[in-house]
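In this document, chain identifiers A, B, C and D correspond to the written order of the chains, with residue numbering beginning at 1 in each.
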Amino acid sequence: MANVDRREFLRLVGAGGVGAGAGFMLAESIKHPVEYLIPYPVPPEEFSPGIATWYNSVCGMCPAGCGISVRTREGRAKKIEGNPLHPVNQGKLCALGHAGLQVLYNPDRLTGPMIQNGERGADEFVKTTWEDGLSRTADRLAAARQDGIYFLTQGVRGHLANLFELFMGELSSDRLLHYDFAHPHALYAANKRLFGEHQLPYYDIRNTRYLLSFGADYLTNWLSPVHHSLGFGHSRHGNDGVRGRFVQIEPRMSISGAAADEWIPARPGTEGFLALSVAHRIVADGHYEGDDAGEWRKALSAWSPGRAASLTGVSEATISRLAREFARADPALAIGGGAAANHTNGVDNLVAVSALNYLVGNIGKPGGVVFNPEPVTGASAIDRQANYRTMQKLVEDARDGKIDVLIVNNTNPAFSLPLASGFREAMAAIPTIVSLSSFIDETTLMADVLLPSHTYLEGWADDMPEPGVGFPVGAISQPVVAPLYNSRSTGDIVLDLSGKLGFNEAIPWTSMEDVLKDGWRRIYERGAPEPGDFDSFWRDVLVSGVWGENVRRGDSVTIAPGAIEGMAVSEPRLAGESGDYPFILHPYLSSSMYDGRGANLPWMQELPDPMTSIVYGTWVEMNPVTAKEMGLTDGDLVTVTSGTGSIEAPVVVFPAIMPDVVAMPIGQGHDALGRYARNRGANPIEILAPETDSASGNLATSATRVALAPTGRRATLVKTGGESRQLGRGIVQSTGSRSSRGHSAKLNSIPIVVEVAESAVVESA
Amino acid sequence: MNIWDRFVSSWREFRKDGYYDEFDYAWTMTIDLDRCTGCGACVTACQAENNIPIVGEEQLGRGREMQWIRIERYWEGEYPNARLKFIPMLCQQCDAAPCETVCPVTATYHNQDGLNAQVYNRCIGTRSCAVYCPYTVRYFNYNDHRWDAPLEQQLNPDVTVREKGVMEKCTFCVQRIRQAKDQAKDDGRRRVRDGEVQPACVQTCPSEALVFGDRKDASNRVSKSMNDARAYRVLGELNTQPSVIYLKKVDADAD
Amino acid sequence: MGVSIVPTLKVLKPAARIVLVALVGIAVGYFANAAFFPGTKPEQPIAFSHRIHAGDNEIPCLYCHVQARRSISAGVPSVNKCMGCHAEVAADRPQVALLTNYWENREPISWIKVHDLPDFVHFTHKRHVAAGIECQTCHGPVETMEVVSREAPVKMGLCLDCHRKNEVQYGTDCWTCHK
Amino acid sequence: MQTEEKQLQFTDIHDDVVRSLVVTGRNYYIALGCAIFVTLACFFFPWFYQLYYGIGAAGVNSPTVWGTYLASFIFWIGLSHSGTLLSCVLHITNSQWRKAMYRSAEAMTLFSLMVAATMVMVHLGRPWFIHWAVPYPNQMELWPNFRSPLLFDVMAITTYLTGSSIFIYMGSIPDFAAVRDRTTGWRHHMYTLLSLGWRGTDTEWHRLGWAYTFLAVLIIPLAVSVHSIVSWDFAMSIVPGLHQTIFAPYFVVGAIYSGTAGIVTVMFVLRKYMNFEQYITKLHFDNLGKLLLVLSLLWSYINILELFTGWYSGTSTEYEQLKYKLFGFYAPLYWEMILFCGVAPLLLISNKFRTSFVPMLALSIAINIGMYTERFLIIATTLSRQYLPESWRVYVPSVVELSIIVGSVAMFVTLFLIFVKIFPSVSIYEVKETMKIPKREGVPEWQTTH
């Protein structure tokens, strides 16, 4: 190393320096990132890091009222599961129920009270304080005229409903509306007419041997889907070896239709004729020996299967067969919903359907129609349900300037009412709109003051499932996590308002928790108070997440006088001429987004539609033959035009839909509700004609005729499925009903048997 | 153990008949197609339990869905006699799994519970397991997925989040199995009780089509249901010996 | 004919020298970083000394890290746990004053994690405590440390050695520790 | 041509070869520059993007999780065959005409193997962990999976790479020495090192000859095994269309086929642009043409066989597979492949075609395009039609993938361009061997042996 000249030396130094730098960076790059351990100053008593804590509560994703247990770790909700103790869902839960977590953690949630600062719908909200928001609202409420205040809430039950009643009572306004798009108005009306009941009965699918469903998608969204699924599963193989038979009658195959043993297409709105003709056969064949058989024969004489066949499109032979099977099976059950209920003659249809139950004498029997006892509280809500007619009234009042303040609570009529209803324009005429919603949906977008309420996982409430399960059931919805944001539970907001308005003597409570405690103390004292004071009772209810009494309906329900004579089904009305509008539009509730509330949940957006495997979007289902005639294939974009509007959606060729019917899922097509929902798909409700069922005031969603016009463009249908035919590969294998008995299956010489213990062998031998 | 021994053992042992009998558990799932309604509750339950990312519309369009359990649908017949049959498809946890033989780094292997394990942080992303799997139930992380805050607060701490370039698949909710075994140890039991551990999908199935358990014990629910006359294995002719057994759908109008 | 490679080697000498020096440089830089900026011995918000607590006063580990007995994570004592003693004991010391300050503001103390495992590892303190494994086997002689540092390299090799030595049932199955 | 009439002297060979190393025209630098640029822009840039984004940058999806990267891998491995392999066979059979072309052929083997290796890296989801596929002792006692055909691959390819690099290097030692003695400056130093002090004594020549032949014998089975093993990556799966016993021979034949075509291309280029007209002549093209003809017939036979098994199996899986290949989404590619690799080569029956240069060039390129398509189809058609119809999905390569394919070719060219300036691309001493001493009138006899 002696002969190192200056230049050489510099080179060496340079090399060494660069090397050292490289080495340093290398060491830096493989260093462990800094992480922190942050203990509670004072830990809550049931808390311990690394161990999950479960809280029981009530699901708020749909009106079924399932019980849930929420798994929390380190104070954060991690998973929602069904509460095994709850009689409605017995530990099970649907996809939408799981996605409740994404309501809680949704990036687009409102983080605090806001006020509209700009013209309505501009989405220019500015943050404010609760104090400010509440006092603004209170002032407007105080200034409002008699009956100038509308309270429009999602369907709530239990003590929250009572609280609303009290609140509106104090405001001396009768305008309390519970609005749910999917509320079964027709079913209520039908039960009222036929049985004189103002409550829904419990349909015992679990124990039935033969289910005749007229359009009711009981496995997806009819009343209590999870409970029905349980019943379905049990009836398949649970009923001591006898396998229940399920028949589905509807214009477009629903999930329940796919699960059924027999799927029968029938024109929308004509299900009632079918039911009557079945009844006709039952009576005519002498399967019914009630003392009022004569009346029935008279009333049904006009409804021969032949006539029904021509009206419904179901063959006479089929009708007679159905009648025979239905009459022979014991117990047999008939239910109605979907297109049958949501038509201009919906109530007639459902009355005819329920008549079948009466004729086979399954009223009040297991496997039949079991009537529920009065709910322990919040029954008033049932009569507060707003149907399309009531909403029309609201719109008119708004137009006539009769409304001073509109309070909206987590319901979204701006999305779920047809454009023809003019609801959006009407809102513009209302001076003050206050929204308690947790998200900026289409309706909230029009509000002036936003008082965001907790999600159902953060606040206090309770719920009495309706329809129940034959006996009184209640559950308390308790906060499972500390509130994420500066929101308050709906009850508390109402209490705060009433506090500001000085309703203290009528509404003495300071928090929703107190309201519940008071209410439940009454429930506690109502039944024979078990040993142990109220507090332990309260704790037990919270821990188990459910409360029930073994009280059944004593009185035997029978049909209302004059119901038999009045037994008739009016012709279904359809908006639009078949000439200009060749197709009947059949919108159905999406299995993942219900009435559109699931559209802002990424899991629901990515849950493939069970029937078509499509994600992220809306589509139009068409019969293959019709599609061929019109030269349409999957993905062709078409304009769906009704008398009142038009939307665009890609075609999906659907093997199980009537040739003159096109079906569209409800749920997409939002222009608000956050990043996951906005500007995606189309909303078929928009173009529905404002046809109602005169008997129930219910919107006849399946009574709109539409025309399809190809746009010539194609849309990308994002779907997870490829080729949906088996090509004889025996992937889904099926067997006959008889040959499915016996034991130790063998296939391709691989026996599927587990090593049975000696003793067991002896027994079996 | 030198390389040669390992070579020999890894080659022979797994292939010996009844190799897994000497171990405690043989986790098995049966799926009653006659009960399955295709509602998709299992899919979402699985996504919630196993930190399965939301891949987004664009990626889904390119056919990169992430659903460890998915519902497949098969149409039969034409209108008006069209029928639709659903089948939930998840990792079949094969006892003779093709994917295990091909992974060059043993990132996927068969463990003593009869589970087809996938070790994410050992995976180098050759994706050959996905090619060898006849059920196409292995899902690859084509890119890093992100959760819009605060959605990441939902992530299950018992399950890791997979990075880009890694293969993932159904684990029969091994974190729950682990939990149950841990519980059993605390209670001084040698074995986990029947029904004590249930994967998310089984736990939530509304029509109770899915049954999960240990087939080593003939008295378990799953053992009974897998001895049903309707039992069969999808693509059984391939002899991959799946631990997921399907019960045939019953066609009421056929013999 | 210049068959010999000696002249060639002469030509190459300076180049070789540079490469050599660069390599040495890399080594130096690497160790310099590791020596002067160690990630394994971070400065904590409160200069808590395990030597005083666990060493001199012989407080057992599980007295403060209660969770280790029943949970996967050992957990750090909550602030009021510390105050349980320090309300009286050594309340005058400056570091304890810091603590009381946290306590009065009901502020959590954000300790810096020293022993941290990757996200894909499932390690449960519970089982290891139950099996009577000394805390020191993985955490090093903490009771002698003024400032806690990661001494034993908590890497997969360490786990496996121990699992093999103690013949843990299925102790070498990947899914025993990998999640 | 004129030059071939001219009498060839020993010194000419030296001069020509050394000239090819020392004298460098502007065109060369332009070519090299372009090649390097394309390599960086079309290979490395997209690859780094892919490393950052994830494999999603490619068009692969589920179930078609393999894509063009693997296709290119097989293609390059295929190309690598018949370089060294051919050279070995001909060396053992001691055929004269080999001697002028074998070095460039072997170089081709070497470089296509290197490119193939990089394609593996590009294919992997986490290439930074590639070393886990190598059995090295470690505290965890973690080993690679010895049952995996992919692991056999790693072994086979590395062995083949080592073998053929030793082979080509050994063969060029005397030439290095020769060049060493005729160059100065850094080149002199470089060749001094490369030639390992070769003097040219009889013992040296004897040892070289022995070792060279020994290696040649060793490499032949190795080469054959390599592509058989590559084929097992597919054949050992149970995917309909891949799970076939014919695959090993199929791949080997295909490999030699495309390799030979590759040689033709390379030789054309060398001949034209390095002025080796006297050394690489009609004769070579003629012989290679015959070889190509035979191979193409073999290849067609195996293809027909494959279709037959598909049809004969009668199972839905295989049958759908077959239908999809012939008439499905990728059908145009399939027929293009048949045209290029099955039909066009039949032209080789005519002497005139075989001995005319440009048509041969065109054909050789066509064949390699066809062969690339074949590799692509093997992956695309089978994986997109797996067992469960619900999971069927079409796969279309992304821009990144296409660009990387182009880039990999550029990389190959780059390496080759560098090679021709370092290695004597025509073997000096072996060409000399073919010449009579003392020189007599007329052309060297090796040019007249046909």
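To be clear about the criterion, a residue touches a chain if its C-beta (ideal position, glycine included) is under 8 Å from a C-beta of that chain, and two chains touch if they have at least 3 such contacts.
Owing to the predicted nature of the structure, the values given are computational and were not obtained by experimental measurement.
*Asks:* Could you tell me which two chains share the largest number of C-beta contact pairs?
*Replies:* A-B
*Asks:* Need the central chain here, defined by C-alpha centroid distance to the all-chain C-alpha centroid.
*Replies:* B
*Asks:* Between chain A and chain B, tell me the centre distance in angstrom, where each centre is the average of that chain's C-alpha atoms.
*Replies:* 30
*Asks:* In whole angstrom, how far does the Cα centroid of chain A sit from the Cα centroid of chain C?
*Replies:* Here the centre of chain C sits 52 Å away from the centre of chain A.
*Asks:* Measuring from the mean C-alpha position of chain B to the mean C-alpha position of chain C, what distance in angstrom results?
*Replies:* 37
*Asks:* Can you list the chain D residues in contact with two or more other chains?
*Replies:* 141, 387-391, 393
*Asks:* Going by the contact rule already set, what residues in chain A reach two or more other chains?
*Replies:* Each of 613, 721, 724-726, 729, 731 in chain A touches at least two other chains.
*Asks:* Which of line, ring, star, complete or other matches the graph of chains that touch?
*Replies:* complete
*Asks:* State the interface residues of chain A toward chain B in the complex, per the touch definition above.
*Replies:* 73-74, 76-82, 89, 91-95, 97-99, 101-102, 105-107, 219-220, 225-226, 229-230, 232-234, 236-237, 243, 245, 253, 255-256, 258-259, 261-265, 484, 591-592, 602-608, 610-611, 613, 615-616, 623-625, 655-657, 659, 675, 716, 718, 720-721, 724-726, 729, 731-745, 747-748, 750, 752-757, 760
*Asks:* Could you pull out which chain A residues touch chain D in their complex?
*Replies:* Chain A reaches chain D through residues 613, 721-729, 731.
*Asks:* Quick check on the complex: what are the chain B residues that touch chain A?
*Replies:* Result: residues 21, 32-35, 37-41, 43-45, 47-49, 54-55, 57, 60-61, 65, 67, 70-80, 82-87, 148-151, 153-157, 200, 203-209, 215-216, 218, 223, 226-237, 239, 241, 245-246, 248-255 of chain B touch chain A.
*Asks:* Contact residues on chain C for chain A in the complex?
*Replies:* Where chain C meets chain A, its residues are 14, 17-19, 21-34, 37, 39-40, 42, 67, 70-73, 75-80, 102-103, 106-113, 116.
*Asks:* In their complex, what parts of chain C are in touch with chain D?
*Replies:* On the chain C side, the touching residues are 1-5, 7-8, 11-12, 156-157, 160-161.
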